[in-house]
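As structure tokens, here come the structures.
Same chain, two partners: chain A is paired with chain B first, then with chain C.
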Partner chain A sequence: MAISDDPAYQPLDKVIELRLPSKLGYERVAMDTASSLARRMGFHPDRIESLKTAISEAVTNAIEHGNQHDEAMKVVVLLTARDDGLVISVADQGQKILPQEHTTPSPQIADVMERSDKGGWGIWLIRELMDEVEFTTAPSGGNQVRMVIHLEP
Partner chain B sequence: MLEDDLTVTTRDQDGVAIIDLVGDVTTFAEDKINNAYREVTNTGARFVLLNFRQNDYINSAGIAILIGIVTEVNRNNQKLAVSGLSQHFQKIFRMVGLAQYADIYQTEEEALSGFDRFRG
Partner chain C sequence: MTASPATTMSMELTLPNQLGYELIARDAIAAFARRLGMPMDRVDDMKTALCEACINAIEHGNLLNPDLRVHILCHVDAERFVIEVYDQGLRRFVPPSSLPNIADKLNGTGSLRGMGLLLISQLSDESGFVPRDEAGNCFRFAFQRSGAAHGCR
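Let's turn to the complex of A and B:
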């Protein structure tokens, strides 16, 4: 089978790669890039807002948890434009591996209000806002989250 | 450049303590928001309005800060409302459950009127 017959194959000219320093604030670069691409692909503005929130949470997790704020470590974001949607992959360099049980949280605000740490909403938001979400191990050994947002006809 | 893009100010309007939040609400906002809330609470505010403007970016760390405010508001028997959020962040506030603890209004004027029903 020729590689271009493989449904998983994406021409390189449709892939955007960002390598971001592990410093809070750089998630905005990923948000802006994804937003610009999604707008050109024809996504509805509401869906673009959802995409921006999801990608900001994924990159922030990679900076804070995966790479432990080590600015020398990179967060790699791949944006792949497909005819039916946008695939976003966010990978860190795995200073700290995310336990699988932390990838399906279901926080309840009444419980959270009782805790001193009021956080824990990021991955939940990603799952609520994206059409497909999968947590895996990156080729580099770090954490990787793959998200898909469908382009509705 | 990429870190701190929030201005927080407080004012009183018709007995409502308004906290204006102009800019982004992320982890860098924690001290500014908490200090503004403490300031209005120390002056005896019963009604508190978080008035958002130009908030293109509220992330989960920002949501955690706001849940902290909601927790304090409940503890202090105050009433809280929010105004000025974009449609997207109104949706996020409802999803998270913040709307159970704070009425959400489109505008500051609507929010100020909304407090009237609590006045005895």
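Let's turn to the complex of A and C:
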């Protein structure tokens, strides 16, 4: 009998681990991998678009801020498929630790328009698009964002 | 399982040992290859070859054991796009005693399976198992980058 045929067998979480170069543009690989998994899990196309945007912002933050564009460093993306949804974790190697007060921004369009740098929307977008968001420290010591998107019945 | 220092760009992917996850790997590697400017027809070859290599690892190397993992290392330099698929080697690869015969398959006297390695060898520029001291099989296949639109971006 195969292990998976044993009624007492409890399978491990189905985790996909992706290690990407810290170079802008490679967030596309994370986006396509996550959307491929989400599509097969049965997520609605609108939710997949939200997922792609959120993961793009998280990986871009890891490349730009956490790893400071150091191409030798990796961004680690974990995708965990569960019966009730998809858990996404994005970790950098922490050249620059994200202060906790920066993890709950509420940018104002008028303020941003006055600045030459139009950035600063990433974390706000992630919080708007995902069902659960948590900022922690990765086991490697870097920054880690854990996002959950629920699979609606 | 890390890329050599001469490598200019690399990504890694680890998957559950379950049929179906090769499709996620396919989409991840295709996104990486597109990012590196590989021509679309070569990306298509790569996708088919990768699926076959992953299925071999899941079915034959890891014997469909759901507790095991398949690891994919993709490293790229100016000349070659190299993909290595590792299993955890419950069963060592043993070369078949004879090459698959397409005529036998078409006239129904041969198994319809067992074409994976032949397909990979036809689609890639080089392929084969890499001898290892550790447990597990490593299957490597590579594509020349002469037709790539850009260098490593």
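One rule holds in what follows: the second predicted complex is superposed on the first by the 140 of 153 C-alpha atoms of A that agree within 3 Å, B and C clash if a C-alpha of one lies under 4 Å from a C-alpha of the other, contacts with A are read in each partner's own complex, and residues count from 1 in each chain.
Here, contacts are C-beta pairs under 8 Å (C-beta built on N, C-alpha and C of every residue); 3 or more make two chains touch, one makes a residue touch a chain.
Predicted model, so just to flag it, every value in this text is computed and none were measured.
A.B. asks: So, does A:18 touch the first partner chain B, the second partner chain C, both, or neither?
C.D. replies: second
A.B. asks: Applying the document's definition of touch, where does A:28 land relative to chain B and chain C: first, second, both, or neither?
C.D. replies: The answer is both, since A:28 touches chain B and chain C.
A.B. asks: State whether A:73 touches chain B only (first), chain C only (second), both chains, or neither.
C.D. replies: A:73 contacts neither chain B nor chain C.
A.B. asks: So, A:49: does it touch chain B (first), chain C (second), both, or neither?
C.D. replies: A:49: touches chain B, not chain C.
A.B. asks: Looking at A:57 after the superposition, I want to know if it touches chain B, chain C, both of them or none. Which is it: first, second, both, neither?
C.D. replies: In the superposed model, A:57 contacts chain B only, not chain C.
A.B. asks: Quick one: classify A:122 as touching chain B (first), chain C (second), both or neither.
C.D. replies: After superposing on A, A:122 lies in contact with chain B but is clear of chain C.
A.B. asks: Do chain B and chain C land on any of the same chain A residues, and which?
C.D. replies: Residues 23, 25-26, 28-29, 31 of chain A touch both chain B and chain C.
A.B. asks: What residues on chain A touch chain C, complex-wise?
C.D. replies: 2-4, 11-12, 14-21, 23, 25-26, 28-29, 31-33, 35-37, 40
A.B. asks: Would you mind writing out the residues of chain C in touch with chain A in their complex?
C.D. replies: Residue list for chain C touching chain A: 9-16, 18, 20-21, 23-24, 26-28, 30-32, 34-35, 64-67, 153.
A.B. asks: Which residues of chain B touch chain A in the complex?
C.D. replies: 1-3, 26-28, 57, 59-61, 63-65, 67-68, 70-71, 74, 86-88, 92, 95-98, 100-101
A.B. asks: Provide the residue numbers of chain A that touch chain B in the complex, in ascending order.
C.D. replies: Residues 23-29, 31, 46, 49-50, 52-53, 56-57, 60, 108-110, 112-113, 117-122, 125, 128 of chain A touch chain B in their complex.
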